[in-house]
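Each chain carries a letter (A, B and C) given by its place in the written order, and its residues are counted from 1.
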Amino acid sequence: MTNSWTDIKNTDLVLIMGGNAAEAHPCGFKWVTEAKANRGAKLIVVDPRFTRSASVADFYAPIRQGTDIAFLLGVINYCLQNGKIQKDYVANYTNASLVVKEGYSYKDGLFSGYDESKRDYDRSTWDYEIGPDGYAVTDTTLQHPRCVFNLLKEHVAQYTPEFVERICGTPKDKFLTVAKMVSETSAPDKVMTSMYALGWTQHSKGSQNIRGMAMLQLLLGNMGLAGGGMNALRGHSNIQGLTDVGLMSNLLPGYLTLPSEKETSLAPYMQTRLFKPLRPDQTSFWQNYKKFFVSFQKAMYGPAATAENDWAFDYLPKLDVTYDVLRAFDLMDQGKMTGYFCQGFNPLLSFPDRGKVTRALSKLKWLVTMDPLETETSRFWENHGKYNEVDSASIQTEVFQLPSTCFAEDEGSLTNSSRWLQWHWPGADAPGEAKSDVWIMAQLWKRLKTAYQKDGGAFPDPIVNLVWNYKNPDDPQPDEIAREVNGYVLADVPDPTDSSKMLLQKGKQVPAFAALRDDGTTACGCWIYSGSFTEAGNMMARRDNKDPGDMGAYLNWAFAWPANRRVLYNRASANLEGQPWDPSRKLIAWDGSKWAGNDIPDIAPTAKPGTVMPFIMNQEGVGKLWVRAGMRDGPFPVHYEPFESPINNPVNPKIKGNPVARVFKEDLARMAENGSKEFPYAATSYRLTEHFHYWTKHVQVNAVLQPEFFVEISEQLAAEKGIKPGGWVKVSSKRGQVEAKAVVTKRIKPLTCDGKTVHVVGIPIHWGFMGAAKKGFGPNSLTPFVGDANIETPEFKAFLVNVEPIPGPVA
Amino acid sequence: MASTSSTKSVVVDRYAVGARINHWVTAISFILLALSGLAFFTPSLYFLTGLFGGGQLARTLHPWIGVVLFISFSGLFVRFWKANLWNADDSAWMSKLPDVVAGHEERLPEIGKYNAGQKLVFWGMALLILVLFATGLVIWQQYFGASSSIDQQRVALLIHAAAAVGTILIWIVHVYAAIWVRGTIQAMTRGNVTGGWGWRHHRKWLREEVQKGEVKAQPAE
Amino acid sequence: MATMELVRRSASSSPAFQPGAQEVAKLIDVSKCIGCKACQAACLEWNDLREEVGFNDGTLNNPHDLTPASFTVMRFTEWENAATGNLEFLIRKDGCMHCSDPGCLKACPAPGAIVQYSNGIVDFDHDKCIGCGYCVKGCPFNIPRISKADNKAYKCTLCSDRVAVGQGPACAKACPTKAISFGTKQEMKDLADKRINDLKSRGYGQAGLYDPPGVNGTHVMYVLHHNDRPSLYAGLPDNPKISTVVELWKGVAKYAGLAFIGLAAVGAAVHHMVAGPNRVSSEDEENAARLKEKA
């Protein structure tokens, strides 16, 4: 989230699209009801299904899954056509006026530089025109034909209400109602918040879905404002923490990136991470990259990381390709990955094309699962009849189940969607032999270190030199780790202005990431978490719910990264002169000498308004309506159909799926063609409010509330296929089939897309063959093995199936 | 007592042992049902559940006793329904009800085994017990709570209560008649009545019994 | 608010419930409810209930109905509003309404098995319950359920145990959207007014408070978008009152029945006193003996 859950109460309009906050995030959704009840805010829901969020919405519009970009670009087009943009904001706080260099082009769904054989772009033309001063050229009159504003206008012109209806199946009048309501928030004192979740990310163009909305929010002037922003509703209590500390195969903590195999030493690595400002006087905060990187290396390797050895740069793995989970399972399936460590993860149910996942796990030599629950993955080899039809005797994988504590049984911090690090304490003792994840990891490391010390090996250094300064090396305590993550001072640093004073004192916790240095005098595990555990104590454990400005900031409740800031880009909540666009919703303001207000300013405290622009993380200093090479699949979003779609892409019928999404050849062969007769229905998967993922089916109460796997279909499809409510159906895709009860509902209605009737089939995710609920299936038996072009999130939200009534099991 | 007669008094068998057992099973069931039923009917009599070991047990037993009564009464019905068919004498008897109440039996027509009052008791009970059994099933929560709608159950409860009051009223008439008409009770205890009882109350029946040779001399005391 | 003075007991003579300042109420704002069933989970947990894992019956309703172990359930209704052309997904949390004039209490034959507190809460005392199911017949909302396990009646207690110590009901505590509120009845009515104004401003002209007068009001009230048609919400009674049949049964039938029985008994006694016993005379005996001899 750019904002926070509590900030949603400040909004005028909530647009839930690409998510279902009421069902998947009911506790956070309370802030929507607060905004509605206390501010008279309106709620719009755009979704293929009339969800429980829609049940409390002021307006609902249906949409075909996987067509959000067309819808959003349609709204952008509407706003531009009708002059419904926040003009001052767009002119000053976005890159609308920057001029794109010659050579960049877009035609029929493809940008300049596309190489079909590589399924990738040469992105060199995707850049600004750089002037003689070394900065990007601007045209503040917005007249230049290649300025971003005009490129955008041209790019979205195709997405008329009629075209949106043709692609999305959203009736024109409903689309226009939404567009009009949204466009009204272009007024400087009106704000819209965007609440989205996996309904946008789990697509082969998930990142661009979000880009689409981010662009719209910039045009409406809603970024950085109270009650505005882009609010990703994270689906686990700590999934924000997972990404923050870099639990991705290509990331280091704090969104630092691993080197590529071409970057063989620190110098070339840093060369691509200089982040020089593209406009004069801009912050371009990533210029501090090296401070964070060196501090991280010091936290990891301590004395072994020196200036002489490039801060142990060689210890880091170098990437040839991205090792995301899809690739990992593909490598397993090829027999190239033979061991798998599965910590708090249930891929047998949560990764696509379950048949492939089972096959891949069966080829492993060993599998370790660390989980509080008996996951399906840990029992993938066990035959559960049709629910897990495997030949156990033929599977030779050795499985080690390590029972671990769950969140209620251990201490530590969870980072929520609001970027709040909230400390928690154990509420119960762990059952049986369960041990904390930290304890298990410590034991593993200890044995690995001993083995490397004894036997040497090709490259023992990163293991044997790992910093392990815990009181009890066998059982590091959460607060010890939290202190490391915050960062600490390794050597005294004198104050350059007054040599009698110390800027930093050896052995102290660093107060904030601003204190981090690239000379090896500071160590920090995750720079964005700096400030969470300072000399003043554990900031994450704070529980003061006073809110003096009544802005939902709660600055003394826990710790929000970065720097305890509650609304990112909050400088943009004030106009060029530094005064709030809406004085009744002041976040920060310029008082003539500094920035202050109800939140921690997201700008240098003395940065003069009118000079330093709000989007300090961007080299441009402004928000990006058009991105340079940052997105693999284009500077603007384009409507691409899902890889399995009931229609061909009206933008360009020749393009299947996202042209840049990486897809393995064998998996492509296991996908239905567009408009398939065999698999004619557009399916989507989702959570239900009664369950959390595959966990709560182990809980009797939750199993009672939603006991049995079902699929949702429209009354029309049920009539067509002779399916009775509560009757049994078989749902099949090119990759597998499941059996389910049928929920026949008015909440799903057939859509008309490109002249065709499209039936939507809804498949919830919560059932497996372990736990208290009735045995069932998950949609991953059906879903295609393809991920987003940028971050490889699997396309769970749009695929093709067939549905047939079947006789129920004999009781 | 006049002793001018040389004849010895006689007795007539009225109920065989099977009929008597059948009657008393029915009677006991009825009394238990009335006691437990009244306990549920009105809070002022709820204390009667104490006779059954408390409310829960009373609630459990009542319907089962009802089943016993139904079966038992069915036996009585099979035994006696023919004898309770209405005839012309009954209508004549009924027309002289004030004489009946006043005990002027000499003014009444000669009556067979049962008089019209007894027959009304018989048919009234038969009808109401059938109604009680049927409505009782509907409101038997433990086994049939889900077999009918709540609206139906409400009506069934009302009918059950009303029918139960009806049976109690008939029962009072029945019992009182047995007490008032001296010499009656022994018909259900010893199984016989004196000839005089027969002569006075059921002369036609007595004549028939005499014809059949069923009237015996009084056994020596 | 936590005053829990017992003012009425079933099967006992006690005055009708008097509304007063101590009255509490739970307000269920249907327009804020997202059907998340957190209230159901909280209810199961707080009351330590062990409902069985059921099955899907083609709807989202689970458990499908109230049971002895489920004091509350969400009832989902999909309704096409012909006036607006919009689909409405109406979600109502069902459970005991805690009537001011409770039909269950009226029908209950066991003294004190159902009680009403001065704050309006209607509660069951399971030690006294005999499992007859009369409360089921008495209730105009079809709420109480009789357990097959112990033959006792169960329903929402409005968390009388929590309220007694100044807490709100578990469901209200768990509700993430404040669709369930708890306070004095007056506070809840005031809150409802605010909500109704908001709903009216959003085009729900018939929005209103469901506090049915037929049972002298309830201590669980609903804010409904369509208060003119409560039955839209999974058959919420439009005008609930204790059934006339139940009133007859517990009224006229009871008194008339007892009167008849008493009269009959007295009548018999009087008759006996006036008419005396109907004895067989010696003449009768002789006549009978003579009859035999003749034969």
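Criterion: a residue touches a chain if its C-beta (ideal position, glycine included) is under 8 Å from a C-beta of that chain, and two chains touch if they have at least 3 such contacts.
Here the structure is a predicted model, which means the values were calculated and not measured.
Seen from the Cα centre of chain A, the chain whose own Cα centre is farthest off is B.
Ranked by C-beta contact pairs, the top interface belongs to chains B-C. Separating the CA-averaged centres of chain B and chain C is a span of 40 Å. Chain A and chain B have centres, each the mean of its CA atoms, that are 84 Å apart. Inter-chain centre distance (chain A to chain C, centres taken as mean C-alpha positions): 49 Å. Not a single residue in chain A touches at least two other chains.
Residue ranges on chain C touching chain A, taken from their complex, read 31-38, 40-41, 44-45, 50-60, 62-63, 70, 78, 80, 86-91, 176-179, 194-195, 198, 201-202. By the touch rule above, chain B contacts chain C in their complex via residues 1-2, 5, 7-10, 12, 39-43, 46, 49, 54-56, 58-60, 101-103, 105, 139, 141-142, 145, 150-151, 153-155, 157-158, 161-162, 164-165, 168-169, 172-173, 176, 179-183, 194-200, 206-207, 210-211, 213, 215, 217. Interface residues of chain C facing chain B in the complex, by the touch rule stated above, are 11-13, 109-111, 113, 128-134, 136-137, 142, 146, 148, 151, 243, 245-246, 248-249, 253-254, 256-258, 260-261, 264-265, 268, 271-272, 275-295. Residues 22-23, 26-27, 29-30, 32-34, 36-37, 40, 50, 52-56, 58, 60, 689-690, 700-710, 724-727, 741-747, 772-774 of chain A are the ones that touch chain C when the two sit in their complex.
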